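Take a look at the structures listed below.
Paired with chain B in one complex and with chain C in the other, chain A is shared by the two complexes that follow.
Entry: the complex of A and B
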């Protein structure tokens, strides 16, 4: 008999519908007289929302991951891009995306829908370059890229008004640029509403993740991937913000009723960075040991907004701003300040910051161990993982590592990874509960 | 109590049968492509040596890459657990266990109670395993035993990057053209594989005593390179390739 009760998420299908609607909206935007833009999952997507309700985006990382999930199409994309001379060790999402553009095949059917403009921010060495190439491949799409390299957010660094203004100033300039390239008038009210939705989405997703500190965990990371993704698509979309409000209520209710994601939960771990998307079944393999991955700094903090309390060594969801932005300038400053605190930004400045936040999760979520993915497909988020491993071990948590690639299955060895999981479970003293 | 451990490796299958903590039978047969058949054969050979039959064995525990193959197994454990158990049984002071087999190298750190604290396994590359040494011996046109001995006669250390077996072979060709003495080339090969293994050992933390197991432990040239690189004495069991099977047999008896 199972240790805990379990049941599917009631909102599961709704999450999937929103995702598919998003990709459909982008593809069909021109048919409705609207605009299409592309940019990263980290970009300030609230800003283009000021151009109107018929402006749709396609964010690059989740799109690259969607391709990765389809092994056959991913290989087709990778081979296409390698054939024209791009190196195999570049960002795997980027290669998948470029391949899709080059082949003129959209992962959701039909030809690749050409964007009208590119709205990006530069967080790692690939991000600006990524769209420079997209622009070239598409015959010269206008591109705007925001530089966010102002240093770490407190407590890891100092955040001065000048630093905020540096980023906010680029957003203000970007608004003028958007008006120029689209010929549309920017609507401040729509922009302010989109900012507020962004704050809501990223605040509430953090609160949802926090619920996974409970035993049994109400969510498993494999399922969380299908939920957090909505914020990576368009965190400023009201549909996403409203969905997270509903999801929070459902997950809270699961906690109150003791509903587990993994019925035989006896071992709690977290992972790190993007998983090998074509092999999410390794999470189901872990479940044979009653092992649940409660998330990671990646799933919790790529879109979730948290405050790190240095004194207590704890992470808390960042509280919502106490008021809505009153004008365009304030909206840009609030948006910049909000996103510069993103946990996944901080480790670009030092792996030490990431280690501190990971250890906080390990303690708060009462973990037995940590499984780290040496992700050869993402230079940015893999930075310093070996350092994180040492720090986490020093904090008293056993760590297993495995090598792979989030978007290129050729660099992942499923059987050997399973064997490592077997060995890790043995070292943790965890026996298999199902075959 | 009579128990057996069977280690189904990439290249060979090893069986150890123990009775009340004493080894009474052992065997080693090539794995070939019929892993199930090889497991049966190895088990029967070890039992014959011990003068026992299958019904005399209370429990069989399998380990190794092909540990799911033996149909007669009662339980299975990973190589990490089996290696640690066997090595600590033979060397109670062991804190670091290095296993270099045909296709895989691994480093295991154990605590005073013999419990695995941390482990590392080589990634998708044979440059840290026995298959690499064999490929290099072929390139040098010597047999494995001779290459080990040659290495001890080296007069100088020649750097070799050996990021992968294919490139190492082309490096070796360059050394041949540069008229590098054969003993120096043999040492270069062993130094290169030892570098790969030691980097993995340092990842888990090299604490004495260090025990080397697996088939490559029979290579005196590699042992010399490894000891030099680790700056510590490396303990060697009499039957280094049988330690995983011994560990599995001991676990079966617990």
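Entry: the complex of A and C
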């Protein structure tokens, strides 16, 4: 008999529907007289919202991951881009995305819908260059990119007014640029509302993840991928912010009723970096040991907004701002300040900061061990991962590593990874659960 | 006289130790050429660039995942092996993610009294970049003052600017001389010259440069009939490769490397606030690919170099796993080839397979010379 009760999420299908609607909206935008833009999952998507309600986006990383899930199409994309001279060790999402453009095939059917403009941000070396190439492949799409690499946020560093000015200033210049390339007048009210939705989505997602500190964990990481993705698509979309409010209530209720994601939970781990998307079944394999991954700094902090308390060594969701922005300038400054605290930005300046946050999760979520994906597909999130391993081990948590690639299956060995999981479980003293 | 550059390059650690002993000053190791050396010279600190040793090593595996470039691992290895044990400080100015890991792991495992991460802006094409960098340079100057216990005045900064500018002007002059039909300095000598300027006191280096400029017209190298090549791409101080190519009746006449022209091109225009003047130079210098967006300026720049130095072919050096340059190469190659300049791309590791590369370079040179095989 199972140790805990379990049941599917009631909002599961709704999450899937929102995701599909998002990709459909982008593809059909022109038919409705609207605009299409592309940019990264971390871009300030609240800004183009000021151009009107008929402006739809396609964010690059989730799109690259969607392609990765389809091994055959992913390989087709990768080979297409290698043929024109790009190296196969570059970001796997980027190569998938470029291949899709080059082949003129949209992962959700039909030709690749050409964007009207590019609205990107930059912290990883590949971010701006990704879209520089997209612009060229598409014959010269206008591109704007905001540099956010101003150094770590407190407590890891100091956030001076000049740093905020630099990012907010680029956003203000970007608004003028958007008006120029689209010929539309920017609506500050719509922008402010989108900013508020962005704060809501990223604040609430952190609160949802925090619920996974409970035993049993109400969510498993494999399922969380289908939920956090909505914030990577469009965190400033009201539909997403409202969905996370609903989801928070459902997950909270699961905690109250003791509903587990994994019925025989007996071992709790977290992972790191994007998973090998075509092989999510490794999470099901871990469940044979009653092992649940409660998330990662990646799922919790890629879009979720957290505060790290240096004194306590704890992470908690960043509280909502105490007021809505009152004008365009304030909205840009608040948006900059909010996102510069993103947990997944901090390790770009030192692995030490990420190690501290990971150790905080490991303690708060009462973990037995940590599984690190040495992800050859992402130079940004694998940055400093070897140092994270050393620091987490030093903090007393056993660590397993496996090499792979989030988007290029040629660099992932499924059987070898399962064997490593077997060995790791043995090290932790965890036995397979009899069904 | 020109041999001094090679001697300094090969004995860089002895040089730094001697300098310290002689002057009693502090030595700071840096990881990227966006570091504003002017401020360090103003403070009386000797900045030396941390480069690898081109030897296989087994000490970095626990610290840097193998998907990052061999160069950054080679640099960290130097620290872990204790070869830079004389450093008083380290710093990096924000550029690529790879070399950043050499800095952060060094910071964690080889503690020194001073370490500084300068968040050099990436969006150098934005009008916001100069005011922002000026503010960051002010913070950096204050940190150096606290470290050295000595105020850095505007006069000190102007002196620092002049020391670095003079060195840049002199190297620029020597590069100009490479435009001649019969260049009197080889690519290998030029490589030693620039790289050694990154690891020696620039005032001393500049004195040798002045002597070399006097000496060049008196030299009698027979380079007139050699194939004129350009070399560009990732960090490159691979002297063995350059020596091999130049032994095949070819000569490198210009480059675009951060260990070459990209390091010294562009002066600080010392008008107004010295920190703003320094910021302007670093924002407007020929960019590293990590900062060359949204417009591509490097491709045009490299093409112009090729034209101005009358280049017949270009060798593109790809440091293994170097994402920033991998992102530029297809367009670099296309731009050069559309203008009739043939290219050869080679992937470099810490050590170079000279024999294999020799065969490829010979084939490339045969093509450039349009030689008949039979």
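Annotations
We adopt the following convention: the second predicted complex is superposed on the first by the 433 of 435 C-alpha atoms of A that agree within 3 Å, B and C clash if a C-alpha of one lies under 4 Å from a C-alpha of the other, contacts with A are read in each partner's own complex, and residues count from 1 in each chain.
Note that a residue touches a chain if its C-beta (ideal position, glycine included) is under 8 Å from a C-beta of that chain, and two chains touch if they have at least 3 such contacts.
No experiment lies behind these values; they were computed from the predicted model shown.
By the touch criterion defined above, A:398 reaches chain B but does not reach chain C. In the superposition on chain A, A:126 contacts chain C only, with no contact to chain B. Of the two partner chains, neither chain B nor chain C is touched by A:285. Contact with neither chain B nor chain C is seen for A:69 once the two complexes are overlaid on the shared chain.
By the touch criterion defined above, A:427 lies against chain B but remains apart from chain C after alignment on the C-alpha atoms of chain A. Greater residue coverage of chain A by touch, when chain B is weighed against chain C, goes to C. In the superposed model, A:387 lies in contact with chain C only, and not with chain B. In the superposition on chain A, A:419 makes contact with chain B only, while chain C stays out of contact range.
In the superposition on chain A, A:84 makes contact with chain C only, while chain B stays out of contact range.
Contacts of A:4 after superposition on the shared chain: neither chain B nor chain C is touched. In the complex of the two chains, the chain A residues touching chain B come out as 393, 398-399, 401, 403, 411, 413, 416, 419-420, 422-423, 426-427.
Interface residues of chain B facing chain A in the complex, by the touch rule stated above, are 65, 77-81, 115-121, 123-124. On the chain C side of its complex with chain A, the touching residues are 61-65, 67-68, 94, 96-98, 100-101, 104-105, 107-108, 117, 119, 121-123, 126-129, 131-132, 135-136, 139, 289-290, 293-294, 296, 318, 321, 323-324, 326-331, 333.
Interface residues of chain A facing chain C in the complex, by the touch rule stated above, are 84-87, 89-91, 122, 124-126, 128-129, 131-133, 135-136, 143-147, 149-151, 160, 162-163, 165-166, 169-170, 173, 348-352, 374, 376, 379-380, 382-387, 389-390.
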